[in-house]
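Listed next: structures, encoded as structure tokens.
Shared chain: chain A. Partners: chain B in the first complex, chain C in the second.
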Partner chain A sequence: MKQAAVDRPTISAWRGHRRLVRATQRTRYRGAIVVGALAVGYAFVGSNSNLFLGTTIFIAAVGAIALNALTGNLGIVSLGQAAFLATGAFTATYLGGTLHWPFLLVLLASGVAAGLVGGIVGVPSLRWRGLYIILGTFALHYIVVYGATKYEINRVGPGGFNLPPAKIFSWTITSQRDWYLFSLVLVALTVACVAKVLRGRTGRAWTAVRDRDLAASITGIDVSRAKVVGFIATSFVVGVAGATSAYFVGNVTTETFTLNLAIQYVAMIIIGGLGSVPGAVVGAAFVVYLPHMITKVVGLLPSSYPLAGWVNTNIFDLEAGLYGVFIILFLLLEPGGLVALAQRVRRYFVSWPFRDRGVIA
Partner chain B sequence: MGTLIGTVAQGVALGAIYSLVAVGFVIIYKATGVFNFAHGQFMVLGAYFAYVSISWVGLPFAAGIAVTLVITGAVGLVVYAALIRPLLGEAIFAPVMITIGLSIVLDSIISITTKGNTYLLPTPVPVHGVSIPGTTTRVSNYSLIAIVVAAVFFVLIASFFRWSGTGRDMRAAAENPHLASYAGVSLGFIFSVAWALAAVAAAIAGIAQASSTLISPDIGSVALRAFPAALLGGLDSVMGAALGGVLIGIIEMLGSQYVGSDTRDVFPYVVLLVALMVRPYGLLGSRQVDRI
Partner chain C sequence: MTRRTPSFTRRQAANLPDTPPQALQIRQLSVVYDRSAQAIRGVSLEVAPGQMVALLGANGAGKTSVLRAIAGFLAAERAEVTEGAICLGTRDLRGKSPSWIARNGVAFVPERRKIFDTLSVRENLEVGLSRQQAKRPHAHEELVYQYFPALEALSSRRAGFLSGGERQMLAIGRALMCQPQLLMIDELSLGLAPSVVTSLMRTLRRIREEQGASILFVEQNAGAALEVADHVYVLENGRVAMAGDPNQLMDVSEFRDVYLGMADEGTRSYAALIKSSRAGSREVG
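So, the complex of A and B:
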């Protein structure tokens, strides 16, 4: 058989490649800076209700980024998101509400508490694979929520815990704009850290574990360590998000932390794009904004239109069901999520008038 | 002592329904490797279909149940063909998440069409049952019927897998889909049968549950508590589902009797987590071996 000619990378080709990588990185940073600047600018023009929405999206995005790293990059599907959020939030009620620790310290400690819980599930999950991990986190959800419910009933009753206003040194975060800016900083920090970790050695190890853990272990990656560290690190971030959200809302009850909440986060990363940091942010925005979108769309319909009345009477069920529809549609039609969809659209225009077949040259 | 026997008896009755639900998970998992999170919604659909065909259409009880089983089986087929089939062969994540999405969608469809109303399934047998000798516990007729139905169903399904041609093909396909398909087993057919069969099992469980309570979307939550049953028994073992179901039922009733009635939501999961740490593949499940 004739040996196929192998393209050896020449020095100049290597240089060209480096130039290309640097150029891509530059565009990426430039994009991030532009988006960040726009988001900061919006704090000074947006209405209070929109800033509230923005804050909700940002806090959700922090949790979604962490879940996406765990699921999309490390390949561990978790239905325990609500449990980790609850751990963070309830730690915050104790440390911040009862012991009056300073806000930032409470955030850190809540993250540590959630990270501990993550470690507790992470270790036994080493023996499980695939489906069993999903169901293990599912069991975790019920156990944590049960514990939190007991705790809540014994201490304060069904009204839940109230939290003091968040205060960083002498700056009290009170107005919607303050909260918007604080959560924006938090999300920017999360994006930067998680993107950095994922692009480095750890991230590559995680991807290898996700794609084939046995093969990864043969190449010298400590699979157990990757999984446990992944669980702990992502749970930490989710715990911080839970605590932040607790302060933002000002009240914590277990009723918030349903299985549906955990599924909503999974919906965020599926819709946004598995394994993509910007995807998690976009997905969080999409899922949080979805109910408002329905209301907006219905508002456009003339009220005499027969469907409008039907939609209005069933608005809660529609809101509850619609993200299920989106989960199904994205998994069937665009498993890469909105990020992949955007790339597809972009490629279409870039390669116009030629038909792009999605092959990366 | 009397309380203990009574509690165990109630646990077995509860466990009968759990095993009916769990066997649905097992059938689908064995065939397609997917865990069906929408199983609880299949139960609810079954119960509502039974109500419609008996109370609205006016069919006799047995005929109504038969029609219900056929319709729910068809729903299972449609779900398989529309949602699961396109994703087979991909990472386990996608089809499992599809069933989660489906459960959300079905929940809201059920809630919109029934407007949250609950109904009473007209049943031919009176509710009051027999008391267990030597105890004060009464077991309702429906619990007894549930136990009998579950027992009959398990005998049928075990014989089906053991002796029928399709059942043998299904076992072959579960063991090694590629080899089975080379030997002429139609995988598409096997998978469709599995989904239809599981939906039928769900409908039976839904009707069994609904006949002792009301028909409401809540009966789907039984499926959430049957997850541990399926896993405890071993996700790929039909008899494991029966065993796991009964065990979880007994544990749940014992827990609520002796520890506190609010523990019943969490006890099965604690047992599950502990059991999974000791035997990650369940009591009767087969151990997975990784080959490079």
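So, the complex of A and C:
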């Protein structure tokens, strides 16, 4: 009896906390359902070109979510994204194109192959920190691209590999709408799984390792294991994204997997918001949509505008430069990315007109 | 203010068998930093089950190195144990990883960089729980809140916003979550107000009495340490210079003069001279 009397305040506080957590979860689930329903609905009204763009964004988002978990949550900055994507894509060309394995099995196997490469980089990375890990993944990029180029030239020449249409049982994914829906399911699965992992014990351990790895080790967290598992798991997801992208485009060539691509993914997670799953999706959408946005803006300019011709001929350089500008702007002005910006705007309206009464929590 | 009395021990809370606490034994321990500077030479000490032991000494005497050697924390500091044995009961701790040592009953609260700023107080407490323990986190948290009620009100706050005293409470609380047989605290009072230190020391005594954990702590404030410790080791220049219970040490005039500053005007400069001369060269020859 005494125990119950003594414990009541804490237990009720705990229950209060659980209630709050459940309420937050419910809001999140509702938000996710609304966004998901809108995205599914769009599949039936969107034009082919927009569905194509949507598919590209979703596949990029899968890769960005994984990179964000590695960089934003575990604290390992990686320039090896293109290498992991290439590993997934080239595994798909062999298993799907040459051995004719079923599509879903190819996706899984490509993920495993990229995970293995991730494990190989993860082990030496235990001895590196910060800049050295970036350089290590940078080296990985060149090793993988070199190997892939040799393989491509020996097998098929510079045209690259062609892949058969993706087929799940009797459903052949051919139309833009099919691809849009498939990639939407893939990104939804990735969001659900990664968010679940990051909110749980593993996510806490990763954040602890990112914040202070020595302090993490004395709480009983095996820092080496966390880092290697982090590399393997995130590389797996990136490999799946690479293989999906290979099937979607239908052709794989090493020219796609440039260092610029790796930097674009870094831009996605910085612009979207480091350590945030929705941030990775928003960042992917922003970076993929940026070239289209530039084209549209340029289209709106009058043809007599003095720079219009220059912009049209240098559109790719402009695009690369703008990624840099956005990365710098976000790092300087809003390191939390678009997600933090949205939260700031929301907080402004929630507390309006009682400004400057922010709650620290 | 009425104090909440823990109604059950953490082992009961976690459904764990009540394993008797083990003694920590260190024999002839030597630690070398960067293969060139010897921080500790031939230190032997013992912490009996349920005992509260203080490590005193001047800056650079080797106190922190002893704790780091026990916690397996030396490799990250480019240091290594070159000789000696460290045992908790029958388990050999030498050469083991910090996470293994933490999972085997030794909790270490380092001097700095001990909490995770971006996690909430609650998440900080839960971060080290095993898969089994994570199923019932509130049972473990409840124990921490019994000793540090202030943390309960702050449980949703980001740890980066805590004050120095709150951070120290959180770090000790998190160490308790690991169910330690031995709790080690480096520089308990560093940067804290005297009233906070007194309250923390009292809480540590309660933890020792109610939970049966042994406590080994490093303290610069010799007077405060003597009030709570059962046994005291004084390190000088990497060696144990004096040891005994507080009463015994109070009888040693050199200890009183050098560490409690009780020397009169004439001998004070002499005491300071002794203290500084003992921080001599420690190059490995």
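Convention: the second predicted complex is superposed on the first by the 339 of 361 C-alpha atoms of A that agree within 3 Å, B and C clash if a C-alpha of one lies under 4 Å from a C-alpha of the other, contacts with A are read in each partner's own complex, and residues count from 1 in each chain.
Keep this in mind: contacts are C-beta pairs under 8 Å (C-beta built on N, C-alpha and C of every residue); 3 or more make two chains touch, one makes a residue touch a chain.
No experiment lies behind these values; they were computed from the predicted model shown.
Look at A:17: by the touch rule set out above, it reaches chain C but stays clear of chain B.
When the shared chain is aligned, chain C comes close enough to touch A:204, but chain B does not.
Taking chain A as the reference chain, the count of touched residues is higher for B when chain B and chain C are set side by side. Once chain A of one complex is fitted onto chain A of the other, the partner contacts of A:38 are absent, as it touches neither chain B nor chain C.
Contact with neither chain B nor chain C is seen for A:307 once the two complexes are overlaid on the shared chain.
In the superposition on chain A, A:214 makes contact with both chain B and chain C.
Overlap of the chain B and chain C interfaces on chain A: residues 214-215, 218.
Note for the complex: chain A touches chain B at residues 71, 77, 124, 127-132, 134-136, 138-140, 142-143, 146, 214-215, 218, 260, 263, 266-267, 270, 314, 317-318, 320-328, 331-332, 335. The residues of chain B lying in touch with chain A in their complex are 29, 33, 35, 83, 86-87, 90, 92-94, 96-98, 100-105, 107-109, 111-112, 227-228, 231, 235, 263, 265-266, 269-270, 272-273, 276-277, 280, 288, 290, 292. Per the touch definition, chain C reaches chain A in the complex via residues 4-5, 7-8, 71, 73, 76, 97-99, 101-103, 107-108, 110, 113-119, 122-123, 126-131, 134, 138, 141-142, 145-146, 152, 155-158, 161, 174, 178. The touching residues of chain A, counted against chain C in their complex, run 2-3, 6-7, 10-11, 13-14, 17, 20, 201, 204-205, 207-208, 210-212, 214-223, 360-361.
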